[in-house]
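Listed next: structures, encoded as structure tokens.
The two complexes that follow have subunit A in common; it is paired with subunit B in the first and with subunit C in the second.
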Partner chain A sequence: MRKFILRRLAVSVVILFFVALIIYTIMRSMPSSFVENMAREKASLPGGKSYREWLEQLNESYGLDKGILGGFFHWLGQAIRGNFGDSWAFNVPVTQKFKTVIFDSFVLGAISFILQIIIAIPLGIKAAKKQYSKSDYAISVFALIGISLPSFFFATILKWIFSVKLGWFDLFGMIGRMHEQLSPFGKFLDRAHHMVLPVVTLTIVSIGSLMRYTRTNMLEVLNSDYIRTARAKGLAEKRVINYHAFRNTLIPIVTIIGGSLPALFGGAMITETLFQIEGIGYTAYQAMTTGDIPFSMFYIVFMAILTLLGNLIADILYAVVDPRVRVN
Partner chain B sequence: MTKNDKNENISTSQVLDEEQRVRVLSPGMLVTKRFFRNRLAVIGLVILVSMFLFSFVGGLLTPYGETQVFKIYESIEKDYAGVAINNEFQYMDAEGESFPSIGRAQLVLAINNGETTFTSRDLDYSLIKEGEDFYRIVQFQDVATVVNLKGVNRFTPVDGETFSKELELVATEALLAGEDSFEFEEVYYSIISRGRNKAISRAQDISIATKKIFNTYSEDVVLDYDFCYAAEKAMNEKTLTFEVKGVEYEMELDEASSKAIFYKIDGNNRIEYSLASNININSIEKEFLSIDYREAVLNAIYNGEASFSMADKDGIDVNYRLVRNNEQYTIRKHTETELINVYESPSKKHPLGTDGNGMDILTRLMYGGRISLIIGFVVVIIEILIGVILGGLAGYFGGWVDNIIMRTVDVVYCIPSLPLYIILGSIMDFLRIDPQYRIFLLMIILALLGWPGIARMVRGQILSLREQEFMIATEALGISVRRRIFKHLVPNVIPQLTVIGSMNLGGIILTEATLSYLGLGVKFPYASWGNIINAVNNIYVMTNFWFVWIPAGLLILITVLGFNFVGDGLRDAFDPKMKR
Partner chain C sequence: MEDKAIRDQDSDDIILEVRNLKKYFPIKAGVFSKQKGEVKAVDDISFKIKRGSTMGLVGESGCGKSTTGRTILRLIEKTSGEVIFKGKDVYGLDKNELRELRTKMQIIFQDPYSSLSPRLPVGEIIGEAVKEHGLVPKDQYEEYLDNIMTSCGLQSFHKDRYPHEFSGGQRQRICIARSLAVNPEFIVCDEPVSALDVSIQAQIINLLKDLQKERNLTYLFISHDLSVVEHISDTVGVMYLGSLVEYGKTEDIFRNPLHPYTKALLSAVPIPNPDVRMNRIILEGSIPSPADPPKGCKFHTRCGHCMDICKKEVPMMKEVEKDHFVACHLYE
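Now for the complex of A and B:
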């Protein structure tokens, strides 16, 4: 087991290296107007160096003067020491910006994730219990609609109905206009109020796959021999489903929880952007569209780490939960 | 029993005919049958067929083009002409002379100071007051010097000038009377003292300055100096007829509003020739305004009316409105103006209205569907090609080939796709890539990030298939490796490929729509469902014009749903064990 984990980690590092290299290459092909603008700005300050000198100095400090490969190793050397540089778009160290925005993303992701589990697993099981029944069809169609729904369209519909027509929520933002005047509890409620639409969007859009997954697994379990045995020995149907089948259905679902690490911490870029929630997704979106290399690199590497870690955790959990699975 | 009957009996018992044969369906037929038994799959298929018809056939049938802009004509009250009471001197230069603008300033000063001469640019000018706000600007030129010897005036002409006897008589009279000017043969002479002697100077007309404005009755008449001078003079002296250059003119004077109409006498005919008033009327668009129109304006102003109507060139009555602003009036009239028909509500002509560029939304949706579906199919085909080739090689050869390919798959799989699309979209924005070229690039980018899933699936399938007996048989038969992979192994993966392909199609359409919505995918002028919804970024459009964005969103939803239904149905049909 330990050998397996170590090997997987080693492979992950190699993968991470190449992912970072590819993204760095792509980011560098963006016209670096940012550095030029900054040099021009600094050169216009009194008593400063000339534009050319500033440009050279800035290029050097960002490792932009060394060519793509040299620049990448410069970046890598700094990144390994935990120094991801200053964000160009936000003018603060990348890690500092990250610390201020990650919490909201995590809250959004976590609430939506918990809601997904609460809704999707019972519905998936219910659908599998009565295969081809009306409720099965309804749940399947609901799940597929969730998968097929473009998040930007669904968010817009929600805004249109609940913000514009009914006026229950603000169109976007995280806090209301009177936020500063509220008591601590009022502030909390205000934030929660602004989280409702994003959470609903995120939950509905990503609930479909978990629901279908649960249903497929439950069907598989219900067709297996030990369920037939349980029924044959005369157990009540309730006990067969809720005890024998349910616990076995959970095995693959537990692995999904491991795999959903990027969704928990990576931020929902589209949803955050639509509702202008200052989370990691929205911040990264702004950084990427403005060509902010340090923050984009950090975000993508962070996402890649989450993906790799998620896969690893899923595999380990699978082995832990299901003794039939042998790690090799 | 007849012979025939016997024969029939034999045939039913021994020959395999339709009734005797056990019905066996081919595997393909079985799959089809199972597929069509699935209600959701059939619904999905119907959706997809109608989407294809809508996009590809609809685009042909629609009467409008993809980027056709619709315009409407609306009547808008616009400024038509300006009216101002003229307080500035208008200058009319004599033929062959010019009165420079710097002189004009000096002239005004001289008038205000009550002087009769002024100098400008080393030239001496004199002004002769002919009437109220009516001056003649002249330059004097000496014609003769006068020497008074014991009461007798002796005239000595200046070089190049002649001084006739008649002129001498008139001049002597004037001198005796002590006047400083006289007129002879319609020429103005001035007597100037030069020390003890005097000089006779002839006035050379330079210009007239007046506050009256002369307008003509027809566009091609150009008023000359002589006419203006004579007409103005006639107005001052209230002489109703006068003659200029052998042409007789008649005048109708309206003293109350100080305007005059001049008629040209041509034989017995009286032709309307010109109108003079101190009100200046100018059309905004430098259009020629007829005298009748000007007269109507003057009457309306004089009578204090707020509006008047006039027949235009085609004889249609047009209503004009007078807007007063201190000393000035603006004449406004309703003009037909061409406007782009923006955000028109659904109507018979435009079943889903028009968008922010004045284009028909239904037509845009059809063309957008084409682009979305084409992108989906092209991307899936490229993905499957890459996935099958790499997955097939990895699965068949194993070992280091497998290792390299699968690590590549891991790397590509690990790249967060949406961020990468956004970065690449912004790069394309920076480089200002042509929209058409951009669509191709978008397809390639989407395909290059989408193939790893297919490669993994193909590899997994081939790993298990290559251990089966038929592969041993192909090896024994000495079939080449390429044929073994692509003729014997890959066809066995086709069921899974169709399932994954139809599911991916939906996903790609969704991704493309998201990117286009963010403004990073398909760009104007090309339509795509995503960039049609992009209009909701403007809150005003979202709240007021539902028909702009809801149909496009529903089309995306329904199409992706269709692909997912079909993909689900196909999977169940191919794999009856699972029963969905």
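Now for the complex of A and C:
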């Protein structure tokens, strides 16, 4: 097992290298860059240097005078030492900006992730147990609505109903107007209150696929011979479902959950933007549109690491839940 | 009156009686899943099995042998008819009584690869039902499990292993140990050896025979392998398209087959002697669809002795010799 993990980690390093290289190349090849915009702005000020002069000067100070490969290896050399440089758009060190925005995203992601699991899996099991019944169709329709609704549309409807019509929640933001005057517990409640709509949006939108996945796998397991064996043993139906069937359904579900790791930390770009939450998704979006290479590179490498780690965790969990895959 | 007295006298000996059992599966089609027809998987079957004996059930694939076995155990619900096990109607029991009865009636499935949960260690698979039903006091449980496993040719250290670590024959031993663990009186063996190598088949068959002697078990042995059935059964029933066409003692069926279908089946058994010329009776055509079986005798479309009456009237089961029943117009 240790050998397997080490080998996977070694492969991951190679993958990471190429992911970073490709992203860097794309960022550098974009038709308009952060530096060009800045030079244009500065050149339009009265009495300054020309655009061309500004461009040359800025290219040098931002390290863009080197070629793509040269620039990449310079970035890589620094990044390996833990120095990701300063964000161009936000004018602070990348890691510092990251620390201030990750928390809200993580809380948002974690809550909706947990809700997603505790809602979707029981629903999927229920739907499979009563295949083609009314409750199965009801659950499936609900799931399909969740899958099909774009988050911006769903969030807008939620806002319209609960904020505009009913006035239960603020339209956006993570804290209310009176936040600073509140007691610590009141502050917590205020934050929780602002979290409700984004969490509902994220949960409803993501519930569908996990529920459908659980249902399909559960159906497959329920039709298998060993479930018939369990029934023939005279076990109670509850035990057949919860012990024999669910255990075997877990095997494929684990991959989905492992694959959700990036989503947990990666932030939800659209939802965060709609609710104006200063999360990692919203920040990364801003960084990319302004051409902020250091922050974008950091974000994408971070996501790549999470994805690779998620896959590795899923593989390890596979061995935990499925005795057939245990590597000797 | 007298007839009834004889039956009552008999009934002590009869562990299982099946009367007019039918199982029709609905065929659904269309957007609103309207029922378009039914597959007559088991169509009016009756037979009795004596305690301690083995009844073989033979027939080609898809003729309803397995469905019969499963409907008897109520693993699938019947359409109509009666299943009397030890004087009680299996279909008259409520959920809890049925769970209790499961310890008395067991089944060994055909495929030892898919019928064992891959997530459970073997000890758990075998012993789970014992614990669930509280059959053995806790302090004797391990010993009980070891005994069952050894008597099925497994070692007690196999308990902590998982099914994928075993070969097909060993897996079938696990399946047998599993069904024996609850101390049943009647076991449906649903093609228990057809997924195994020939060399392993003999071992498993002999194991089943030994266990039968030891524990006075009753088997319903479902198979399409006639030589296996001849070896293990006391009585044999031959099925065609959901119905029993011939039924009697094993010697009678194999030495003196009456129904044309049985004759054709037996003629297909290979004889291990190259000098003997085999007189095979080749059946024309393929088995008709059980959703739309032929009228009259179901076999008339492929029968070499087909008469006019066969196309119109369903032949009744008749006792042609002592204890030898056949449903064919030739013997009326």
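The rule is short, and it goes like this: the second predicted complex is superposed on the first by the 291 of 328 C-alpha atoms of A that agree within 3 Å, B and C clash if a C-alpha of one lies under 4 Å from a C-alpha of the other, contacts with A are read in each partner's own complex, and residues count from 1 in each chain.
By definition in this document, a residue touches a chain if its C-beta (ideal position, glycine included) is under 8 Å from a C-beta of that chain, and two chains touch if they have at least 3 such contacts.
Only a predicted model underlies this, so the values are computations on that prediction, with no experimental measurement involved.
S.K.: Which partner does A:236 reach: the first (subunit B), the second (subunit C), both, or neither?
M.R.: second
S.K.: If we overlay the two complexes on their shared chain A, which of subunit B and subunit C does A:323 touch? Say first, second, both or neither.
M.R.: After superposition on chain A, A:323 lies in contact with subunit C alone.
S.K.: Could you say whether A:7 touches subunit B, subunit C, both of them, or neither, answering first, second, both or neither?
M.R.: neither
S.K.: Name the contact category of A:284: first (subunit B only), second (subunit C only), both, or neither.
M.R.: In the superposed model, A:284 contacts subunit B only, not subunit C.
S.K.: Is it subunit B or subunit C that touches the larger share of residues in subunit A?
M.R.: Here the partner covering more residues of subunit A is B.
S.K.: Under the stated touch criterion, which partner chain does A:40 make contact with: subunit B (first), subunit C (second), both, or neither?
M.R.: Touch status of A:40: no partner.
S.K.: In the overlaid three-chain picture, which partner chain does A:266 touch, first (subunit B) or second (subunit C), both, or neither?
M.R.: First partner only.
S.K.: Mind working out whether A:225 is in touch with subunit B, subunit C, both or neither, as first, second, both or neither?
M.R.: Only subunit C is touched by A:225; subunit B is not.
S.K.: Residues of subunit A that sit at the subunit B interface in one complex and at the subunit C interface in the other, please.
M.R.: none
S.K.: Would you mind writing out the residues of subunit A in touch with subunit B in their complex?
M.R.: For this pair, the touching residues of subunit A are 11, 14-16, 18-19, 22-23, 26-27, 29-31, 33, 131, 137, 140-141, 144-145, 147-153, 156-157, 159-160, 164, 171, 216, 219-220, 262, 266, 269-270, 273, 284-285, 288-291, 296, 299-300, 303-304, 307-308.
S.K.: Considering only the defined contacts, which subunit C positions touch subunit A in the complex?
M.R.: Touching subunit A: residues 33, 73, 75, 98-103, 106-107, 109, 111, 114-121, 128-129, 132-133, 162, 164, 175, 178-179, 182 of subunit C.
S.K.: Residue numbers of subunit A touching subunit C in their complex, please.
M.R.: 132, 224-226, 228-236, 239, 244, 247-248, 251, 321-324
S.K.: Which bits of subunit B are touching subunit A when the two form their complex?
M.R.: Checking each residue of subunit B against subunit A gives 39-40, 407, 410-411, 413-416, 418-420, 422-424, 426-427, 430-431, 506, 510, 513-514, 517-518, 520, 530, 533, 536, 539, 542-543, 546, 549-550, 553, 556-557, 560-561, 563-565, 568, 578-580.
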